[in-house]
Each structure stands twice: as C-alpha cells, then as structure tokens.
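These are the structures, in structure tokens.
Okay, so chain A shows up in both of these, paired with chain B first and chain C after.
This part shows the complex of A and B:
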C-alpha cells in the first residue's frame, strides 16, 4: 500500500506541476500542430491521397513531440535540485520509474487526443471513425506504442538528465531503441486509417500488435529492475 | 554504541579520487562537525552517507545496517538539510511537506506538517508557492522537510549557508531541541558554529581525514590553525 501511495504522490506531483507551469504540454501541442500544418502544405493534402503515408506522417509528428516532452520530464528534479530529495526518500527506484513513466504517458496521450482528430481531418480521406471496427485496433496500437515510447523514453531521459547535453542525448539514444515500436505503430495506424483492410494487412496488424506487446513488457520489466543503477550513476 | 561507522571509504569520479580511505565512527547521540576547504570531499561524503551517491569502495554501517544492503531502511532513519533546500518551487509549502511525508509513509501528515510549519514560523505562508519565498524562508521550510519523518540521524551540509540571523536562531533552536536522541554530522565552513554545536570535529583535505578528535581533546586555536593550513594547502 505504501508503494502505491508513493507512486501516486510522485505522479500527482508531476501532474500538478505541469498544470501550474504548462511547460511541457503547451510546447508539445504547439509542435504537433505546427508539424501537421507543415505536412499539410508540403504534401498538398487537398489534392493528393495521402492514405498510404498516413501512419508514417502521424508517427513522425508523435515521436518528436514525445521527445520534446520527455526532455522536460526531469526538469523540476534537475533544475530545482529535487532529484536528491527523491533519492534520499525510502522509495523503491522502480516506483520512481513507474510514476515518472505514467506521467509521461499521460502527457503524450493528452497531446495525441488533441492531435489525432486534426490529423484525420487534414490527411485521411476515409477516416478510421467511418469504419467503427477500426477504432479499437487503432486506439490499441496508439496506446501500446505510446507505452513503449514513454517507458523507454523515461529511461533515456533519466540518463540524459545527468548530462549537460540532454537535448541531444535523448534522440540519439532514444530513436534507435524505439525503432521496434515505431515500425509496428506505423503499420497499425496506416492500415486502420486506410479504409478497407485486406487479409494480408490484417495479419500484419496482428503481428505488429504482438511485437508491441512483447516490446512493452520486456523493456518495462528490465528498466524497472535496473533503474536503481540508472539513477545512481 | 556507534550509530555511524565508515571503513576505508573511497569514491572516484572517473580518474579523480574524491575520497581516499576515509574511516571514522560517530556514537549514538553524537555530533560531528566536518570542516575542510572547497573540493575536499565533504559534500560527497555526506551524499554517500545519505545514500544519494554510491561509494566506489569501502563499508558504511548506519544504525547497524550496511549501506548497499539496507538502503531503503537506512533512508527511513536519516534526514538531510543541505544548502540546496530540495523543494519544488511550484508547490506550496504545505504541498512540499505533504509530498515528502507521503514518500516517507508518515502517519498524520497534516498534523505533522502543521506542527513543523509552526516551528519554522511559516504557518502564515503555508499555501504560498515556494517560488515566492526568500532564500531564508525556503531554508526554514527545508528544515521542516528534513524533520517531517522524525529521522534518528541528521546530515547537515552547510545548513547555515544563506540564512538570516533569525533563521539561524530557528535552526539552532530546533537542533538543540532534538539533541541527545539524535546523531548529527554537519559539514560547515563556520568554525565558531561548528565548534560550539559539536562534540567531535574533523578536518578533511583532498579526500583524506587529516584530523579527527573529540572537542575536549583539542585546543581551539590549534584546531583553527590546522584548518587554515588545510585551506591554504587546497588553495
């Protein structure tokens, strides 16, 4: 029970600080919207059918938006010197990791909730919501991929927080580690936004889901176990 | 009985050795003041003892528990007041105490926080963001934060740094009120303050202990001279 209270205390503190400072969410929302507007003009979305590229465009916007937020996920701990306060307290390091990761997942999800409808209007001729059966797999893919990004991203952000060039380190370390998340995410989102789904595409979506689930479980468990060393070094 | 035992403690950052075979002990209820020039390794020593940093080598036993084996249990019994208040600027004074109280599993958080806010004379500012506090007020709140879980052992890293005389009185009064049952290690540059509060003194120079004695075993002028030489040596 104490572990759950500690987890909630850290998560609540992160949400409260974000609601008060709005440092992370505002920059993430601005970035994702700007990216979509630029894509809209660059690909002349009104003239061309971009259904094939939809998944890719969506995740290019999401991954860099996520990095923008993840880079700031330890800003209060580092800039206000509060990381020592967390390390000093009798909280299992895996609890700190899970709380920070859930906080990042919430912030990423908030941005996605705002961005997906706009993206659909801009780029998709046969939006997924016309095919109600597509909604479930699309959202599940979104949640699984975001979980992976938040999980690995929080880990890399912790490493980066202890360096002077944290803005640089996160994409350099994070992008290669997240490739196994991005490829399936693009496949799932693309297939679900593209109208009718062929048997071959449905099979590919199923395999992609399995890859995401396996990735999320493996990385979540491994990082939670080694987080003590990550924070300690 | 020793409350803190340190044996052959070493700490390196890369090739730089910050602590070199540091060994000492502090009895339960004792008050050790550590002096030394900047960069001597004092803060690193306190960070290791308070489980924030990991030692490269050596053995540390706190309250009969070995650091590295029982770190979580040790953390429940120690508190740290440093020149960095470890407070979230965009949380209120009460929210900071509530946050740390929850992390430490304190029961009756509200009552304990109110009691400490009263002791550090910040009750009237309890709902104000720490961002609006002066340095002295933030440091007073940091004292309350460190005492929230009633630690048995207190590490004080230059606790008087940046405090106005009123805040110094509050800190010294609080320390005095909990003397006896608590064990203290204080890092300071303030010779008078350190000497008056402690029952044993230590000087660290370049990561090594060059003097460690009970206060009544050493002449104050002799101690002052040794400290001056250490500071000159590092300079």
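This part shows the complex of A and C:
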C-alpha cells in the first residue's frame, strides 16, 4: 500500500507539473505534426495513398516525438535539484523508476491518441482500423510498443541526465536499444491499416505481439534490477 | 619477461600459425564450391570465425559489466571496455568481409538481411557505448553507467537477432555444415580459423587490458604530482 501511495505521489507531481506548464505535451504535439508535414513533402502525399508505408511512417513520427518528450522528463528533475530530493526521501529506487516511467507512458499515449486520427486524415484513404476487428490489435500494438519505449526511454534518460552530454546521449543510446520494439510495432500497425489481413500477415502480427510482450517483460525486469546503479549514490 | 608478456607472445604466435594454416586450408585443401556460390564461398572460412569471435568479445563486455556491478572492482570495468573495443574491431572487419562477399555473389553492396541488419544495430549500439564512456568524467560513475548499458546492450543484441530472424524468415541459408557434399576438410578449416580468431582475441585482450591498467596508473600518478 505504501509503495502504491509513494508511486502515486511521484506520478501526481509529474502530471501536475505537466498540466501547469504543458511544455512536454504541446511541444510533442507540434513536433509530431511537423513530422507529418515532412512526410507530405517526402512522399508526395498529394498524389499517393500512403497506406502501404503507413505503419512505418507512424512509428518514425512516434519514436522521435517520444524522445523529444523523454529528454525533458529528467532535465528539470536535475536542474531544479528535484532528483536529489527524491533520492533522499525514503522511497525505493524502483518505485521512482516505475512512477517516472508511467508518467512518460501517459504523456506518450496522450500524444499518440491525438496524433493517430490526424495521421489517418492526412495520409490514409481507407483506414481499416476504425473497424472493431482491426482496432483491437492496432491499439494493443500501440500500447505494448509505447510501454517498451517509455520503459527503456526513462531508463536511458536517467542515465543520460547523469552525464555531461544529456540530450545527445538519449537518442543514440535509446534508439538501438529500441530496435526490437520498432520492427514488430511497424508490422502490427502496417497490417492493421492495409485492409484485409491475409493468413500470413495475421501470423506475423501474432508473432510480433509475442515479441513485444517478451521484450517488455525482459527489459522491465532487467531495468528494475539495475536501476539502482544508474541513479547513483 | 613476466609470465603475462610471455603468454601474450605465445598466443600471438599460435594465432599467426593457425591463421596461415587456415589460409592454406582455405585456398589449397578445401574443394571449390561450384553449385551455388563459387569461389567467393571461401570467404566463409574466416567470416564465421570472425562473427563468433566478436560475439565472444561482446560476451566479455556483458560478463565484465555484471561482475563490476556485483564487486565494484574497477578491474572488471576495464575488461568490459576492452571487450567492447575488440568486439567492434572484429565486428567491423566482419561487416567489410560480408559486404565484399555479398557484392560478388548477389551483386549488391547491401541487403537488409536479418543478420546484416542485426549486426549493424549492434555496431551502432556499441559505438554509442563509447560516446557514453567519454561523457562521464568520474571513473566509478563511468564504470557504473556503462556497465548498465553493457548488460542491456547484450539483451538487445539477442532480441534483435531473434526478432529480425523470426519476422523475416525468407533469408537465404548461405552455407550449412549439415549439407550433403560438405567435406570434413571444410569443417576442419573453419575450426582452425576459429581457433586462430580466439587466440588472436585472447592476445589482444591481454595487451589492451595491460595498456588500460597502465594508463590508469599514470592518471593516478599525474593526480599525485598535481599535473
């Protein structure tokens, strides 16, 4: 119970801070829209229906946007000396990690919820995932992949905040660590956008889900074990 | 000469002999593969050992990282660091070999084959590992932070290999020892080349760890005299 209360206290602090400043979500939303404008130029969206590349494009936009937000999540903790306060308080280190991670997961998800409809209107002519049969796997893929991104991202953001090259290190360390998430995420989103799902595609989506679940569990456990060392004494 | 230095020389000498033996095996003893690939198949005899050696090198990083976090002994951090360095060197050589091989057999410089893709990710990841190391000034902190990436990195490597392999099952099997028509000579040549790779790796590992230890001693001495 105590653990849950501590978790909620840290999470509430992050959400309140965000609700008051709105710096993370607003900049992430602007950034994701800007990426879409670039897609328009890159793929001549005026002439082409981008459904075929839809899954990939969606994740290109999401992954960079997530990193933009993750970068902020520890910078103000560090600058205002808040992290030291957190470390001094009698809270287990893994609780700090889970709370920060949930906060990031919420922000990333909010941006995704806003961005998917816009993306659909912009680029996808026949969005199949508005039907129930497609919506389930599509959303599940989104959630599982975002969990992985928030989990690994929060960890790397903590690590980077302790070095002298904070914002530089986050993407170059975080992106390769997240490659196993991106491949299945693109497959799932792509298959759910493109209309009828063939037996082969359905099988691939199933495997992708399994990979995502396995990744989320393994990384969550490993990070929970080593997070102590990254926060420092 | 201390025992350690003698051991290094011995390892290097064995490696040289085995490399020459492997080359002789490659070019004079093993038969020419004519069915599918032709002459360039001979790259394989050093390609596979190179891949295994770089895998072992990254394994040294993993073990060193875990051992550092458990024991807090900086000696292990040096092992992890050197392992990653050598892994990158072997990995880079492997990629160059692979690219040459591909160009001559499939006619393209690059394909997004699962193995190539995962190796590219691995190289980028361990490249970032060095950027991380250079971004932290205190020695213990550097060891602590890079150890965590040493561990997570290896997990990622396993996942990348697995997922790219499962998700794109349509990659060509280039060579398999279980193939009918593979002569025992081919297997022996690979094993000789593999041993050459391992001994070279062991020699380099010992040399590099000595260098790192000495340069750390020098840093300590510098601090003492205030330079």
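Quick note on the criterion: the second predicted complex is superposed on the first by the 229 of 233 C-alpha atoms of A that agree within 3 Å, B and C clash if a C-alpha of one lies under 4 Å from a C-alpha of the other, contacts with A are read in each partner's own complex, and residues count from 1 in each chain.
Please note the rule applied: a contact is a pair of C-beta atoms (placed from the backbone, for glycine too) under 8 Å apart; a residue touches a chain by one contact, two chains touch by 3 or more.
Please read all numbers here as calculations on a predicted model, not as lab measurements.
In the superposed arrangement, does chain B or chain C reach more residues of chain A?
C
Determine, under the contact definition given at the top, whether A:146 touches first (chain B), second (chain C), both, or neither.
In the superposition, A:146 contacts neither chain B nor chain C.
For A:65, is the partner it touches chain B (first), chain C (second), both, or none of the two (neither)?
neither
Just checking: does A:92 make contact with chain B only, chain C only, both, or neither of them? Give me first, second, both or neither.
The answer is first: A:92 touches chain B but not chain C.
State whether A:176 touches chain B only (first), chain C only (second), both chains, or neither.
In the superposed model, A:176 contacts chain C only, not chain B.
With the two structures laid over each other on chain A, which partner does A:16 touch: chain B (first), chain C (second), both, or neither?
In the superposition, A:16 contacts chain B only.
Based on the superposed arrangement, let me know which partner A:73 touches: chain B (first), chain C (second), both, or neither?
A:73: touches no partner chain.
Let me test your reading of the model: by the given contact rule, A:154 touches which partner, first (chain B), second (chain C), both or neither?
Neither partner.
Could you tell me if A:40 is touching chain B, chain C, both of them or neither one (first, second, both, neither)?
It touches nothing on chain B or chain C.
With both complexes overlaid on chain A, does A:204 touch chain B (first), chain C (second), both or neither?
second
Give me the intersection of chain A's contacts with chain B and its contacts with chain C, in residue numbers.
Common to the two interfaces on chain A: residues 232.
Contact residues on chain A for chain C in the complex?
152, 155, 159, 162-165, 168-169, 172-173, 175-177, 179-180, 183-184, 187, 204, 207-208, 211, 214-215, 218-219, 222-223, 226, 229-230, 232
For the complex, give me every residue of chain C touching chain A.
69, 121-122, 124-125, 127-129, 131-132, 135-137, 141, 144-145, 147-149, 151-153, 155-156, 159-160, 162-164, 166-167
Using the touch definition up top, name the residues of chain B that touch chain A in the complex.
Per the touch definition, chain B meets chain A at residues 47, 50-54, 72-73, 75-76, 78, 80, 82, 84-91, 95, 99-100, 102-105, 145.
Inside the complex, what are the residues of chain A that reach chain B?
2, 5-6, 8-10, 13, 16-17, 20-21, 76, 80-82, 84-92, 232-233
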